[in-house]
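Shared between the two complexes below is chain A, which pairs with chain B and chain C, respectively.
Take a look at the complex of A and B:
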């Protein structure tokens, strides 16, 4: 029996121009969905069916896009979770986080919680689906992969390491059907109270390169981080944990 | 005796069969899409177009033009008179003498065709084309003998039955080629299709010395955008393909072919003929696509072209340099056909190769191919003190900066040009961040949807302001603004505006004395004509005038002017990057080095980038504005 695969898509935002576009991770989710289910893939968006960006996704060769029609301020979770339940999805693919809106990265987690399904985060590829289980490759830093086996149904958030999305073709995108259903009317209370600001790059820890030779520098740049420096504190008291963090900050000269 | 009538009967039968073939051929063209043409006016204009426009091109090869006039003219005249003398049996001796004259003329022409075919250059197709001179000679000789009695040179009935039998064989061979073959796809098809192609050409503006180089807009509402199958071409495009004489002049000029990329414009047109008639390319007897075997291609009017007839790499190898179109004596439009097929690949299949998809996505999201922040478009001019249209509203000269704004090398050209304009006190402003990519690359990559969207948005911006001239340093933007935006300029944003390339504009400034320049003291200089300035817009003179105004004597390359070779940078070719045996830019730089020049003057940032990408040692490369600015005599105010 073919598996029911659903990719969730949102309106992305180009980092340079701020213009709407197909979101990078979401379109990778569609690409992976196409690999798994071909034309049977169901692609779902909660929002406005007139949104031109949906045509960019459809240009990847989709016959139709399912749109759970709702206003911008409505919460996407209830509509999506009832849709997924009704459609008896086996695998749901999303981006890790959206490029616009709250961009909290919570959508896959909230859906998994509501549906009671497992979630696999930062998936690079789904290699095989057999006997109600999927072989999933997780993306780790520096191109490393970890293979895990997950029981269907599950939700996977797709990492930037997954296969890049194919080109979007104008003609098929234009002609794809927008299959609209009513979405939810529930206001997204969290969002209403948020204010949007441009994201700032997270501060990066300065690397003190002690290497003397080119070979050492190359190693420092590419080798996987050596463990041993960190410490796992599980049983210590809150006091001790706080002290450890405080010591580290002093040691790193973050505070003096 | 019945046998006396045999020649006449044969003539009539072959004529009829030929006509049937022609009607069948015409029905093949009608499988194409409708396109309005003025039938009467076209047919009336046809002889003039043949004598002037077509011969203007053939004339470049004096040997062939004389040969063709003698053979073709002789044949048409003889054919008419053959009907008069041998079918309608008009017995005036003077007519028979006229026929003899025409046949002799044709015989002489046919002899020269024969001579050329003794040792044909590589560009010519062989196969059936090799037998053509023999058929022509057979025709002429047969009818000369057949006409001798009518002219009173030989008594009637000379030679008896035997001679008539021999002559009948000659008639079958000669007319079989010339009439039957014309209708049924032999080499002589070119005469019939070529004549009609001249009459119903899709770009009638090209005749009478005109120029028509802008691509035609794609119909974005069509059920399939672009050309997927031969029958998706306009009917007169199909007719045009059928006019090809396989002379290979296009092949000899094609930079992609010379670089060993899998493209040969002649073979491409012949493959289109295979597609429109159905069948395979097994009978093709010319040079192949480099690296591809002949005989594997199959197609029919309703089969997808890229599924077996022409490979995608072939279509993406083209730089859209128009060298083939410029050279084609039959005025066939290769570039239109190639872009039509690319439109299908990009807009229907989403299969633009290599960086194509990324570049298109960037253009869509940021209005520039590099994906830079649109708000940084004017960063290059931070120290230039240039007025912006948003503030000025009205100005004499609008400087269209183009995407060179994002590229450090191109910025040097932009700055040089600005400095020259300031020295000449030009009232100039730029659009600043309101400018967008012209859409050139998107359009050549087959994404006409994006081109049209950019054109419309650019026009909307331009429509808000008043200016007399638009000047740009980028020949590609120049071409779009001048030749391709008009199709979308509903509100007349560019009506009455003069669109100029910076070399033309600078030349005006120099001629009027607004720019004072010192003599150039460097070494030898050659000039590379950018395709989009030269062949696309006919501007060969201004850049040369400018160089001469510096006292430079240009060391011309062998391929220059309308025969200039592309730098390899057009048509999105550096983006799709189809591998060949050599790089086009390297070949062009060899052309330049061969003149002994130390400096290559160009008028295009893309050419500059391509030619500077060639490994040293090689001549320096500079835009004309950079050369001028070094010689500028700055007046102290």
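Take a look at the complex of A and C:
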């Protein structure tokens, strides 16, 4: 039985020009969805059905895009969670953080909490799905990967380390069908009280030398690396020296 | 009598002021009085001039007592300064700071957030304590100077490795057991952001993410891929960016342990299958965790490449090794190469020129293998071995190969036991 895969998409923002575009992580989620489910992939957006960016997603080879029609200020979570429940999704793919709006990255977590499903964050790839369990590769810092298995159904947020999205074709994007349904009307009441402004540049942290005397300040400004802090092994045998290095590498867990 | 020398500012002032009516009196007290010869002339006794300095050498004070420094013997050698201890007895509320603890130690990011936690307590008033919540292995020994009043170390096999579900269950129990005012998390890729989002969803709190300017009333956080500043009331759960506040550096804290009564957790639905071996040379060098770097002291390059493969380290090089054509330009570490952030950096036959040192400024642990015990790399290193690189690399490879053998056979044994 093929699995029901749903990718959630949002409107992205180009980092330099600020124009709306396909969001990077979301389009990677669509790409991964296409790998898992082919054309059976269901792509869902909660928001405005007239949004031209949706056509860019559709240009990745989608027959249709499901839009849960709602206003910009409405909360997307109730609409999405009832849709996912109704559709009996097995795997839901999202980005880690949206590129517009609050960018809190809470959507997958809130959906998981409401549906009672597990969530795996920062997924680089879904390797295989077998016996109701998926083998998932997580992207860790410093280019490392971790393998986990998780039971279906689950939600995965897709990291930038996942396979890059394919190009979007303009014509097929225009021809794709927009399947609109009514979304939620619940307004986001907390956000009304926030004030928003274009981001200010963050001040650079200065290196402040907290020295009590002029001599200390002088030393802080001119000091060369001081010896005596580290351990120096001179007269031991080569084997003992290698052992010391080895012990340090084991202790720091860089050798496994 | 105490060792402390007390200054008498009035006496010093009189000593400086030659027109003061009491100046004569004070000055002669200092010099042992004036001596007049038989003809009434003032005589100086040359052997009485000066005093014996702190290391036994005679010193002559040519300022004639006009120096303002206190007289007498110097106090004992500069002691290590004991920072004042900040104590919190029976706190009314706690600020929980869930640390990333990369490699078992507080990161710079964690320390900034601890600084922020203390700032929040000062602004809010009341008797609050800052708690560092940590999971897994802890190797940190400087909790006290980082500003940690209490340490809540949640131990157990369920929390080791990748266990966000177990961890968030433990955190909800902490929330139930203690009166928590704020939850502070580093908004980092080391798991802080993930855990914070899970906790926020579980508790039904709306967190501030990517917050960078926080006080007791208001917090400013970034939105819309860092193009928007959102100002709002400070929520209970905060995910903070780096450099959100200054780390604690002027006080010492108790860092007394705290305990969670109930650490049982439900079975995890996400099962950790461990880390996957990745090609270390495919990792961008600026991100690599473990670098084996070669300099002019490498003569056997085949052996070096083999060593990096055996150790599973990313390769780096000094400029000389690159200029001589032994390594590609993309592997150069330093001012004109890559600035690395590795946790462990093994410098083999690298002297430590300043241009190279700039590139490894952010490295935690440097290991130097060098024939010259006086070079700058040895001064920077946490561990230096003095000897020929070829010999030591050969021994090291032998040890690692043995280690891999035994761990493999251990695994095989476990598997056969399980079967």
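What we mean here is this: the second predicted complex is superposed on the first by the 194 of 256 C-alpha atoms of A that agree within 3 Å, B and C clash if a C-alpha of one lies under 4 Å from a C-alpha of the other, contacts with A are read in each partner's own complex, and residues count from 1 in each chain.
Keep in mind that, in the parts below, a residue touches a chain if its C-beta (ideal position, glycine included) is under 8 Å from a C-beta of that chain, and two chains touch if they have at least 3 such contacts.
Because the structure is a prediction, the values reported are computed rather than measured.
**Q** Which holds for A:211: it touches chain B only (first), chain C only (second), both, or neither?
**A** Once the two structures are laid over each other on A, A:211 reaches no partner at all.
**Q** In the overlaid three-chain picture, which partner chain does A:167 touch, first (chain B) or second (chain C), both, or neither?
**A** first
**Q** Pick one for A:220: touches chain B only (first), chain C only (second), both, or neither.
**A** A:220 sits against neither chain B nor chain C.
**Q** After lining up the shared chain so the two structures overlap, which partner does A:144 touch, if you call chain B first and chain C second: first, second, both or neither?
**A** A:144: touches chain C, not chain B.
**Q** More residues of chain A are touched by which partner: chain B or chain C?
**A** It is C that touches the greater number of chain A residues.
**Q** Please indicate which partner A:241 is in contact with in the superposed arrangement: first for chain B, second for chain C, both, or neither.
**A** Once the two structures are laid over each other on A, A:241 reaches chain C alone.
**Q** I'd like to know which partner A:16 touches here: chain B for first, chain C for second, both or neither.
**A** In the superposition, A:16 contacts chain B only.
**Q** Considering only touches as defined above, state whether A:199 meets chain B (first), chain C (second), both or neither.
**A** second
**Q** Is A:112 touching anything from chain B or chain C once the two structures are fitted on A? First, second, both or neither.
**A** Second partner only, chain C.
**Q** Which chain A residues lie in the overlap of the chain B contact set and the chain C contact set?
**A** none
**Q** Touching residues of chain B toward chain A in the complex: what are they?
**A** 220, 224-225, 346-352, 356-357, 360-361, 364-367, 371-374, 447, 449-450
**Q** Chain B touches which residues of chain A in the complex?
**A** Checking each residue of chain A against chain B gives 14, 16-17, 19, 21, 59-61, 166-172, 174.
**Q** Enumerate the contact residues on chain A facing chain C in the complex.
**A** Where chain A meets chain C, its residues are 13, 15, 18, 97, 99-106, 109-110, 112-113, 118-122, 135, 137-138, 140-151, 154, 190, 193-200, 202, 205, 210, 224-227, 229-234, 236, 238-239, 241-246, 248-250, 252-256.
**Q** Which chain C residues qualify as touching chain A in the complex?
**A** Interface residues on chain C, with respect to chain A: 103, 162, 164-165, 189-190, 193-194, 197-198, 200-202, 206-207, 209-210, 212, 222-233, 243, 249-250, 269-276, 278, 282-284, 287-290, 311-313, 343-344, 346, 357, 365-367, 369, 373, 376, 378-388, 391-392, 395-396, 398-400, 403, 407.
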